[in-house]
């Protein structure tokens, strides 16, 4: 079953800290508010201005990203816990 | 009796959790603030900018959507409980 | 005696619940904050942008509308209780 | 002695309830927050956008208006109590 | 010693109530929050939009103005108490 | 060691009250919130609009200015206490 | 492992006070809220306007900057503590 985020929203799969390889981004458990790593699952068609101009997003499905711990809305799709957030909640792309 | 939402508003029929098929989006009862699923019943003519430019909506009648639990205004039309919300309250399209 | 709403304002006559026909929109007394039904009595010339561009309203005198219970300002004109509100307070058009 | 309101401001003379003729707008004493009636005494040259474009006002000296009870700033000019308000505080034109 | 207000600011000399002639604007002591009268001493080059466009002010040195009692910032220049305020704090021009 | 303020920021050296000459701007100690005098040490390249247009500042190094007592951020550069503020925090130019 | 900040964000390595040379910027321990010095590690592609226009940043990797103590979000990349902030959080460029 698919899910298409609307406008400038993206669907993100959280990457748990214990899945990360050596040398990667490590966010210690003691720092609960630090950014978290995730993978883009799907992206919207783009931000839409007041005048109707659509600007495609700068991230794409498969991108590894960092995002603020409290960003977005949690949702369960096909039994998997995912997060819907706006592109502006993404801090940057890893790798 | 019809109802035409104004501008960038949409009319939504809530899809209750127990109506959903296996493999679909399941929102457990324990997560009351999680997004909810709905179906678009009618859409406005589009968002209108300060300069009067109308941008048609990206959703249409029949679309299955996810929306925030607290979005919109509840209304009863022809005996049915529906919700009027803005397109920007829609998180994405299912299916 | 006439009254011309300014800019993007409209003059609305509230339609009480007990006046509505079967099959229409019924707002139960128990839901005090639910939208209310009304009829447009007069409309302003349109929304005016910062640059002075006037955009005519999408509603006209005679339209049946739904609006939020707390929208607008109550006024008595020629002995009748009416409401002055902005077009953006209107949820949609009935019928 | 004259007074020229600046930009999108207008100078208003309040019309007391007891001066109004039968069939006019009557605002009962019990409704202290209801709109009040007034007459435009003078108007500014118009609203000025960030880019310097001036848009003349839609009201003119002599217009009878309704305005919110708490709008504007009271001032005494040549011994008369008047109110300086912005055009956007005006609800509409009477008559 | 000169002082040039920046952008859309003006330098104002307050006109005390007891200096005003008969028939002028009189603000009783009992109304402490009422507008005050002043004279423009100097004006900035104009409001500057985000895009860099400069719009000259609508007031000039010598203009008698009304302004809100709490507008602007008090400053002492060459031993004289003056007020620096934005043009948008000015209610209108007297005379 | 140099310091280049970014965008519409300026670097300011505070001029203490006891350094000022007779007839200049005097801010009494009893008025702690009154504006202060300073000298521009360096300026940024200009304000940058959302669309990327750069508007050079209206002040330059060497200008004597008045600024609000609580404006900007204090910093010590090469052992000297200076202030970084935005041009919009400057009230006007002295002299 | 690389990290590309999104849009108008930059990745910054904090320069601790004890690493600074004589004559440089010294922020005493007693002033905890004063700006801090850092070095740009990576920059985003630029600020993106509502209409989709990208404006490249005015800072580049290697620039020494001053930034507010509480700016940005701390993150650990490849075992190193870094900060992700927006270009608008940067006060200026040192050197």
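For reference, chains read A, B, C, D, E, F and G in written order, and residue numbers begin at 1 within each chain.
One rule holds in what follows: a residue touches a chain if its C-beta (ideal position, glycine included) is under 8 Å from a C-beta of that chain, and two chains touch if they have at least 3 such contacts.
A quick map from chain label to UniProt name: A, B, C, D, E, F, G = Co-chaperonin GroES.
Not measured: the values here are computed from a predicted model.
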{"item": "Neighbouring chains shared between chain B (Co-chaperonin GroES) and chain F (Co-chaperonin GroES), ordered by label", "value": "none"}
{"item": "Inter-centroid spacing, chain F (Co-chaperonin GroES) versus chain C (Co-chaperonin GroES) (mean Cα positions, whole Å)", "value": "52"}
{"item": "Mean-CA-position distance for chain G (Co-chaperonin GroES) and chain A (Co-chaperonin GroES) (Å)", "value": "23"}
{"item": "Rounded Å distance between chain A (Co-chaperonin GroES) and chain F (Co-chaperonin GroES), as computed from the means of their C-alpha atoms", "value": "42"}
{"item": "Where chain A (Co-chaperonin GroES) touches two or more other chains, by residue", "value": "50-51"}
{"item": "Chain-level touch network, classified as line, ring, star, complete or other", "value": "ring"}
{"item": "Residues of chain B (Co-chaperonin GroES) that touch chain C (Co-chaperonin GroES) when the two form their complex", "value": "1-7, 9, 11, 44-45, 48, 50-52, 73-79, 84"}
{"item": "Residue ranges of chain C (Co-chaperonin GroES) touching chain B (Co-chaperonin GroES) (in the complex, touch as defined)", "value": "23-28, 31, 34-35, 47, 49-51, 53, 55, 58-59, 66, 68, 87-88, 90-95"}
